[in-house]
Amino acid sequence: MTAHEKHKEHAPKEVRFYVITISTSRYEKFIKRETIVDESGDAIKESIISEGYKVVGYTLIPDNKIKILRAFSEALDNPDVDVIISTGGTGYSTTDVTVETIRKIFDREIEGYGDVFRMVSYNDPKVRSASYLSKSTAGIIGDKVVFLLPGSPDAVKLAMKELILPEIGHLLYLVRGK
Amino acid sequence: MTAHEKHKEHAPKEVRFYVITISTSRYEKFIKRETIVDESGDAIKESIISEGYKVVGYTLIPDNKIKILRAFSEALDNPDVDVIISTGGTGYSTTDVTVETIRKIFDREIEGYGDVFRMVSYNDPKVRSASYLSKSTAGIIGDKVVFLLPGSPDAVKLAMKELILPEIGHLLYLVRGK
Amino acid sequence: MTAHEKHKEHAPKEVRFYVITISTSRYEKFIKRETIVDESGDAIKESIISEGYKVVGYTLIPDNKIKILRAFSEALDNPDVDVIISTGGTGYSTTDVTVETIRKIFDREIEGYGDVFRMVSYNDPKVRSASYLSKSTAGIIGDKVVFLLPGSPDAVKLAMKELILPEIGHLLYLVRGK
Amino acid sequence: MTAHEKHKEHAPKEVRFYVITISTSRYEKFIKRETIVDESGDAIKESIISEGYKVVGYTLIPDNKIKILRAFSEALDNPDVDVIISTGGTGYSTTDVTVETIRKIFDREIEGYGDVFRMVSYNDPKVRSASYLSKSTAGIIGDKVVFLLPGSPDAVKLAMKELILPEIGHLLYLVRGK
Amino acid sequence: MTAHEKHKEHAPKEVRFYVITISTSRYEKFIKRETIVDESGDAIKESIISEGYKVVGYTLIPDNKIKILRAFSEALDNPDVDVIISTGGTGYSTTDVTVETIRKIFDREIEGYGDVFRMVSYNDPKVRSASYLSKSTAGIIGDKVVFLLPGSPDAVKLAMKELILPEIGHLLYLVRGK
Amino acid sequence: MTAHEKHKEHAPKEVRFYVITISTSRYEKFIKRETIVDESGDAIKESIISEGYKVVGYTLIPDNKIKILRAFSEALDNPDVDVIISTGGTGYSTTDVTVETIRKIFDREIEGYGDVFRMVSYNDPKVRSASYLSKSTAGIIGDKVVFLLPGSPDAVKLAMKELILPEIGHLLYLVRGK
């Protein structure tokens, strides 16, 4: 049994996720009661469930600093949440503010998440150099872990499958110190 | 008419305040449904009303990063609020986290507020050197102004009377650029 | 002879100033070839000359990050300049960007300049609490000293007379290490 | 048509580049009117032209904070410039100051550019571990994009071909919000 | 009994100080075994003793980042020390590095100490505008409090008498949370 | 001869290393005089020696900010040391503080070391996504180079063999400017 396998023995069996989709266009449709397709939000939820974990909450908000702070702080204040995953707002368009807003409230940033995600993205021939245009990152707030994913469904699936789901149990164990 | 007097002509006639008391001991009493005396919160409200301005909201929260972020982000998301004033958690006890938490979400810190407040406090013979043990500060988020006041009723009254109420109309005018 | 008097013996006899007025309204008049009154820029120049020092350059620019960076970098690259003094853009209106722009290129910020300036301003009964609405500051870049003054002529006169001219010779001596 | 292909439809057809070579040794030769070979500057220009884009300006400066600030601020103030590319000063010798100087004036750093560039460099067997000795990075200032490349001709060619030219049109589209 | 008087009831009766003099000229004399006069270090020790507190250690070091880090980390690692007071290296000469070095290892900076100290200094007619040329500050590391005082004996006496000795007992009580 | 080969000609022939193991569990055994196995510290020393370089010092300390600062500052103050390598405390458990403590005293961080190390780790099939849970980094302090390695023996061997030993001679040459 390797050290990594040993660590994983300590991982919690149940992990409870809160999903936040950040998309002004979808939010405006929602406000007008039009039909919304949230492919990335759905892909996050499916990957969580297919791993045997639970989705305990979901919200849809626009690319707005205050709405983002409010949605995250409500999820952080929910004792039934272990992990928060957002999708959207991590690029360089003038409206993207997810990382700028949430990074500042991290107790500790998981500073290697972003570069490993970009490396894995670069290795996808459909992404290649576009990988450097993401500032997707992750961090720890209290005893919860937060991942800020891009808006693209492919990016979200890659991040969940290759990076987040394989480590989340062990990471929660580390962060909680027990 | 001086430049300052001219500036004040542009000040909005109505200013709407949201008051947040940050005090673990009072919050615990509140949770147990015991009687709470919130002398500093009350002093802020009285000074607002006696100036002819309005109090549009109030909440009581403990010295907890997540509860503080949540209370401020809800007040920031309220279109009826112009100014947020908190009391408590601005000193150097191990539980004080108000400034550490909210400063990071300021768009711009009003960096001179803290030193001018400490100077005015120092000039009160009952405070003197204790003035340097406050990190009370202020900042701008979106088109709202936020002041983080100490927990002491005397400090709160001094700040409202000498610094905040005389400038708030002009400051909102500046911040809103119109 | 006190220590301060002794220090002043080492001060350079000649000090060469570059003055930068930052004011969008005056710049627009200048572009349209209208008559400009630059009371604050003039007050700075007069106080320099009446102290027996020299003004070796002057420019007028709008409240624009790039124009500000360009004007300062050209003055910094001029070997005939010892001190750069700007006026304007140090407050909290949405267009004020002088401090945000230049502070980041300081090698060392003279972090006490701002609070001492606000204290001296507060003591003027015409200013009082408005003093905290300035983020006027100063810093060192290479072997030059930079002061970022407010746009008001009264503030400029106060800063030059009470804070800058009494110390500039000694400060240049310190900064140059010889 | 993939999302990336769709995005690229919006890219501007013409992109105008300003090239800055930062090299004390070449600058000293230039001052003495000796012949200069600027292989990296030339490689940048050739790759721009062969992509069908334009070089609208070029300058050669030494490894000096003030000269660097001045050259960049003049290029930033030029309305005919869309992108600034520099070469040199991105390593760990005591004279390298390009990144330290320009990073601070970025409105937003393209924080993923550096790690993706190092990954691509590492994959070149002639570079391998030496890749971590570069702090080459990129950022956004106003509506312009800035890339700070290393001094080596091979590194410059790699960055232009694999990372910058494939994305620059789309990136300008994002940054300009239209 | 005021709130401040009540707080002071909790102050520890015994406070143990470690004094560090930072002065290249005195250190060089010490290395050459010449006689040293350390007027500021002596003034700190006398003020501690005359207040009834204890001096448990003293060292003399040059204006050198590594020597400063080493001296402070040894004092911080000493369980018999409650407070560390240094004198020297807080100004703007090219050799002054005390604040730049130690500020970064503060868990929390007592950010109001510097401005209150400069205000008190300004009020001394022998100092006046020279007050802004100090970046003297204070901070908390673990359960110890650190003050970085200027090198001048007058400044040291003022800081000890007016700011440090009146608050140190209460401050230690706050910092230790018990 | 490539540019990299040419650079390596200038590398110092002798490089002197100081090794610091940061491990609370091993430190507690050491204090109780129990037998300690320090596989990672030993792996570092072996790789240094097998490259023909020298180990001039070693210490074992717990995951404690003050002990870490003290150990590093003593090694930094030792004129016989060129490079400091630590192992341990670079992850996200609640006790890990090595990077948080030492990063702040870097004169310059070698910001690309961390992402290149994570890339190389990711490529090891036994590590893969766990690579992003390291914040291992490196930096320059004075004329010394510091590497903060993880606690795992495999990670330490990888870093020494693939990244540190191939570059250390050239890096010292760069940093020392001669």
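A few points about this structure:
Should a chain be cited, it is by its letter among A, B, C, D, E and F, assigned in written order, with residues numbered from 1 in that chain.
Criterion: a contact is a pair of C-beta atoms (placed from the backbone, for glycine too) under 8 Å apart; a residue touches a chain by one contact, two chains touch by 3 or more.
Each chain and its UniProt protein: A, B, C, D, E, F = Molybdopterin-binding domain protein.
Quick caveat: nothing in here was measured; it's all calculated off a predicted structure.
Touching chain C and chain D at once is no chain at all.
In the contact between chain A and chain D, the residue numbers used by both copies make up under half of all numbers at that interface.
If you average the CA atoms of chain C and of chain E, the two centres end up 32 Å from each other. Centroids of chain C and chain F (each the mean of its C-alpha atoms) stand 45 Å apart.
Along chain B, residues 115, 119 each make contact with two or more other chains. Taken as a graph of touching chains, this assembly fits none of the simple shapes: it is neither a line, a ring, a star nor a complete graph. The set of touching chain pairs reads A-B, A-D, A-F, B-C, B-E, C-D, C-E, D-F, E-F, using the touch definition from the header.
Contact residues on chain B toward chain A in their complex (touch as defined above): 65-67, 69-70, 73-74, 76-77, 101, 104-105, 141-142.
By the touch rule above, chain F contacts chain A in their complex via residues 91-95, 100, 114-115, 118-119, 122, 126-135, 152. By the touch criterion stated above, chain E contacts chain B in their complex at residues 2-4, 108, 110-113, 115-117, 119-120, 138, 140, 162-163, 166-167, 170-171, 174-177.
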